[in-house]
Amino acid sequence: MINAADTAWVIVATILVMIMTPTLAFFYGGLVRKKNMLSVLMQCMVILAVISIQWILFGYSLAFGPDHGGIIGSLKYAFLNGVGLDPIEGQTIPAQLFVCFQMMFAVITPALMVGAFVERIKFSGFLLFVVLWSTLIYDPMCHMVWGKGGWLFDKGALDFAGGTVIHITAGISALVASMMIGKRSGNGMSSSPHNLPFAVLGAAFLWMGWFGFNAGSALGVGKQTVSAFINTNTAAAAALIAWMALDWFINKIPTVLGVITGVVAGLVAITPAAGFVTPMASIAIGAGGSIIGFIFVTCIKPKFGYDDSLDVFGVHGMAGVWGALATGIFAVKEVGGTDGLLRGNWHQMWVQAEGVLVAIALSVVGTFIIFKICDLLIGMRVDMRDENIGLDLTQHHEAGYTLID
Amino acid sequence: MINAADTAWVIVATILVMIMTPTLAFFYGGLVRKKNMLSVLMQCMVILAVISIQWILFGYSLAFGPDHGGIIGSLKYAFLNGVGLDPIEGQTIPAQLFVCFQMMFAVITPALMVGAFVERIKFSGFLLFVVLWSTLIYDPMCHMVWGKGGWLFDKGALDFAGGTVIHITAGISALVASMMIGKRSGNGMSSSPHNLPFAVLGAAFLWMGWFGFNAGSALGVGKQTVSAFINTNTAAAAALIAWMALDWFINKIPTVLGVITGVVAGLVAITPAAGFVTPMASIAIGAGGSIIGFIFVTCIKPKFGYDDSLDVFGVHGMAGVWGALATGIFAVKEVGGTDGLLRGNWHQMWVQAEGVLVAIALSVVGTFIIFKICDLLIGMRVDMRDENIGLDLTQHHEAGYTLID
Amino acid sequence: MINAADTAWVIVATILVMIMTPTLAFFYGGLVRKKNMLSVLMQCMVILAVISIQWILFGYSLAFGPDHGGIIGSLKYAFLNGVGLDPIEGQTIPAQLFVCFQMMFAVITPALMVGAFVERIKFSGFLLFVVLWSTLIYDPMCHMVWGKGGWLFDKGALDFAGGTVIHITAGISALVASMMIGKRSGNGMSSSPHNLPFAVLGAAFLWMGWFGFNAGSALGVGKQTVSAFINTNTAAAAALIAWMALDWFINKIPTVLGVITGVVAGLVAITPAAGFVTPMASIAIGAGGSIIGFIFVTCIKPKFGYDDSLDVFGVHGMAGVWGALATGIFAVKEVGGTDGLLRGNWHQMWVQAEGVLVAIALSVVGTFIIFKICDLLIGMRVDMRDENIGLDLTQHHEAGYTLID
Amino acid sequence: MKYIIAVIRPHKLEEVKKSLEANGVNLMTVVDVLGCGRQKGITEVYRGVKEVDNLLRKIKLEIAVNDEYLDAAIDAIMKAAPEGDVGDGKIFVFDMAQCIRIRTGEKGNEAIG
Amino acid sequence: MKYIIAVIRPHKLEEVKKSLEANGVNLMTVVDVLGCGRQKGITEVYRGVKEVDNLLRKIKLEIAVNDEYLDAAIDAIMKAAPEGDVGDGKIFVFDMAQCIRIRTGEKGNEAIG
Amino acid sequence: MKYIIAVIRPHKLEEVKKSLEANGVNLMTVVDVLGCGRQKGITEVYRGVKEVDNLLRKIKLEIAVNDEYLDAAIDAIMKAAPEGDVGDGKIFVFDMAQCIRIRTGEKGNEAIG
């Protein structure tokens, strides 16, 4: 039976997750150089549209259709065939609403990767890459963890709102893609954000949208919804403070870019745990996300020198790994039905680690292959001249801002 | 009886529609020249306030008050007299909430027209124009289609969330107004957008708000709500892709301004159909909206040379006409209770066409008269010197941005 | 018992209030000079995080914990000890959700004060100030008015959504702080807003968020929720029009900064009254807020010459006082259960005035002491050189925008 | 070789450019500037605080020309730039000691055009 | 006729303008620039990456004056612009070959003021 | 004393600055400008309306040098700025009548460095 309150809340949550992709675009866009602003916005908006359509045509069916070997769904629900307005068994919202909610997750995952290859990617190559990546990596990964019959699902992996499925997958793939596409030329790597206020705007609305992301994952209104809600906010806040403190101690100054990066790292970390832990544990999880993120962004990246331009790997990938493991550590039965390591359940830790490893393996191999294919077929990188002029003018024949008018 | 879940959702939907007017301001504002940015924001914010008050004073009563000849409501509910917190018959939400939800529709309709006469309209003339237009065109139109006793309502015209009432009316009126006020002087017509990111921000939040617009029009939470929701998103996505494809084939490059224009055209097109069609039909309706919009914006407008500056006519008016007719084509009983042309119901098409024609006729005649009156009483266009300096400085004595500080 | 619809709505309302703090940052940030933009954003984002944590650690307990002498709560609920997911007596939402909703109020109150000392405050001093202020002024004030056993609560002071607790407290404290920190140096006081569109963006989203603020304060979905909703919108609209009219008559021109300032003044004024008055009374209350605000901003401030940079005192403090008193004037039993002065209930006026006086007294004395302490311990004002260069570069080593790139 | 600096009204840029092109002057550098002159700015009002800001948006053109093009360039500007009101702007002319085209290393008159 | 280019600190603009006006110099053109000089910029830090950006915001004033006003103009700037720290800026003076007021076509000394 | 105005491609700024520093020229003023030259702009398309905008983003450097540094400065720019394509920019050189350091009041050659 459809429950009206559950449905109302999941509609709202879907809207909140939907707006995350455009606001992610502003978070990323504010950090690139002026001449590449539009290309970032374009990529995110196009993902929102293309994956929305991919999802109802076949993506949803691949992810949530009848299971094939624990790995992928069948095409039975392609074109939303047979997916109507009555609830799926065990749910209380119309099936098409579940489709929409999950759609927005499928949308934002590739959008997260945009941060890895900004300022140098060719739009046409990017487009093919996104469609293939979503179909061949996201959809199976989603099926394995959340789909009925998915093998990680069956093992009992905890991933409340997509730490593994979304952030680890996107973060690792971003690292691979950033290494394959190569560094930005010239002084690209040391350029300053062209419009930090836009990045703050994006981060603030990401924080807002994340309430839908996490609390919406309860797929209804109840106690777990509220747990996920308070944990989300607490982790974000703790992470902001943690990153600010690190910045202050290590770089001698608290920075705006630091605090908004921390917020995102904290939100990533709490994502898989949101419905399973207590608010006090969220402080640790959020702060931990910032610490991990900080280390990867300010130490590991410069050491290895890959140009993961906006730190998708550090902030989503690694804080995501932390979150997935932390879920196994801090989970308590009273909140989400399962106990974690701190309550002596070592097994859960192992299940969590397994999920992480699968996500990493699939992302590395899959992204490598898909990227290579796209590079051969279309080309993934613009030429030097276009990179110098900027992607806005060369890929879209538009300028973000007028200088005089 | 008041239903709490329905009420909660309609409150949220009202909020979503409310924020559309300011975000429309950013969508439009980003596209004008820097020196006119504030004037656009001002016009939209002022409409939000003025029509909010007009509506509770007498607008609501004209639209939804006891019928007078199928054309207009009486003043019985003026000052919300007798409009309390119990639901209207057949509804499940407090009557004052219905007032608020409808108020936001009344607000955004004239705001849509702002795009037609930007960069040259006199603020005082504009203000009078908006109040008269809303009272003499919007309120009757609203009554005819949605009011109890309205003659189009009685005929069975389908207009789920206001394709005819809102977009056709605004779009046609915009064309008339843009021709009457005349072209921008100098190189106004070929100027570039001063801040495309703002326009993208606006478009993204319009997409978000439109969920409230369409799914909220179910006035409660149920299956039709979810239908309207998924159709809205699907049409927007399909329209984005369609416009991008047209841009790519015809202008050789996919543009950001193109995709956001497409999104709006698709959302307009699905508006009347949202609660009556299937998701697959939404793909056609959305893409169709883009195609129609594209033709009018890039072919018809240059050919005729009117300065409908931000393409309100092409994107709202004509995509609105398409949507109204498409509703008659694609409607299926299972979703919204009525079959359309594809199911053999030719009659519905005729009813739809009638609604369109009435909206066009009323808009053309009404706008012509109202514009003339305002022009005579106050003047609708600033003088050349003020237009050159820009409306921000001359109409509001403010500058949008500092050059140095 | 938990009510699902109530819970869904309060979740949404909490999200709406949450986003008010970042959008307030844009409202304020757009009005300062370019070189101080980030510092404003930073302060607001940091407050959001720090008070979120303070609140769950002990702030909530101080405000809503078991009463101590009518003045403050005990630490019984520190670390959310014993604050679970079952509803508090008399409520229908999980207790932790009530914590979150109230948290966002605790967050925005000090954030409002930011406008008083922008462009010259030292970040470290600011941080200590905010934590102390929130703990020593906000938490007790909140307890006295809203906490069980709070003495103003027991007296029957009406403060629907925090006019006294939030706006008067913040506004008066802002005045005190602005006088203690001193005027901006050089031509700081006569500088123009660096990005008015950002301020409009902020104001629009504040308007949106305020629906959560006021209608959410019903803590559920019902008739009073809708009353609060329609009153909020009506007051904002009336206030916008009133400020515009004053601008037009007195300064000869309607300005954008004027209308958005009016919106905020109107929203402040309706805050305590939202659930107690009729829509028609809201017009008076909103317009009254603008009139009071206008007088303080354009007459009193220049006369006395304090540098309350963004008019927190005039717009929040004084419009807040008006709102608190207006609640006592316009309240009607049918809406919120209590009659006001116009219905002959003189007593209510007196109770309201008492609340106002307590808020003023506590704010003046408390802020004075806390400011002095922070100034001695850390210092509250940057030196002249840093003020000239701007807080972004000197306090955060970042620039908001690149000039070339 | 001469270097012309011309301050004009922003909305005249298009016309001035066309007029220059018509006279054979195609190369120039354009700068967004604020002008402080006889033309009074519009008094901006922010929350009732009036700011008589006499800095107005102007466009500055910088044009290097060979001596024989100087008059043509000036004529072109004088034809297209004025509105007849205070604030039309000014033309300043300088002797230029050297001009080099970076791409080719050409110098002097060769390099200008 | 002389053309003065002065680079000053942004927050000194108001004072310098007043000082110039006091000395009878009312006309000028103002440009937003970045200065690269002895003054060290503040090291910006973005996600731990330190950028020793020695480009600092400055304001450039361009002032055409008749010869007899040159000293008055320079004095005015020298009085109002310095803070005494590195980064106060510089004044550059050029001979100007011609000056034309676009509105009237006046030339030379007439046109400057 | 000479005053160099160099128009270069925006992404070359870093390199040119380094090259100038290597040749002992550390002081300069940088301006964001639009260039109108032989280089054709990219045709911008807004809703199908093509705008052949031949205004391109450029960076203008202004460098005051003592005569003996002139060649070093020009060499430095010539080394770092060209890409070999149309649009590399130009260097313009002027005689400068006077230079004053605002902070100290130093004049002439002293003041430049």
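For clarity, chains are labelled A, B, C, D, E and F in written order, and residue numbers in each chain start from 1.
By definition in this document, a contact is a pair of C-beta atoms (placed from the backbone, for glycine too) under 8 Å apart; a residue touches a chain by one contact, two chains touch by 3 or more.
Quick caveat, the model's predicted, so the values are computed rather than measured.
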Number of hops, chain B to chain F, where each hop joins two touching chains: 1
Whole-Å gap between the CA centroids of chain A and chain D: 50
Geometric centre distance via CA averages, chain E-chain A, whole Å: 50
Between chain B and chain A, distance of the C-alpha-averaged centres to the nearest whole Å: 34
Where chain E touches two or more other chains at once, by residue number: 30-32, 34, 44-46, 85, 94-95
Multi-chain contact sites of chain C, meaning residues that touch two or more partners: 4-5, 8, 12, 35, 192-193, 195, 251, 253, 255, 257, 397-399, 403-405
Pairwise touch network: line, ring, star, complete, or other: complete
Complex contact set, residues of chain C against chain E: 35, 186-187, 385, 388-389, 393-394, 397-399, 403-404
Residue ranges of chain B touching chain C (in the complex, touch as defined): 2, 4-5, 7-8, 11-12, 14-15, 18-19, 22-23, 25-26, 29, 37-38, 41-42, 45-46, 48-50, 52-53, 56, 79-80, 85, 93-94, 96-97, 99-100, 103, 123, 195, 198, 395-402, 405
In the complex with chain B, residue positions of chain D that touch it: 9, 11, 14, 32, 34, 42-46, 57, 85
Contact set on chain D toward chain F in their complex: 3, 17, 26-32, 62, 64, 94-103, 105, 111
For the chain C and chain B complex, residues of the former touching the latter: 3-6, 8-9, 12, 16, 33-35, 191-197, 200-201, 203-205, 207-208, 211-212, 215, 220-223, 225-227, 229-230, 233-234, 236-238, 240-241, 244, 251, 253-257, 259-260, 263, 279-280, 283
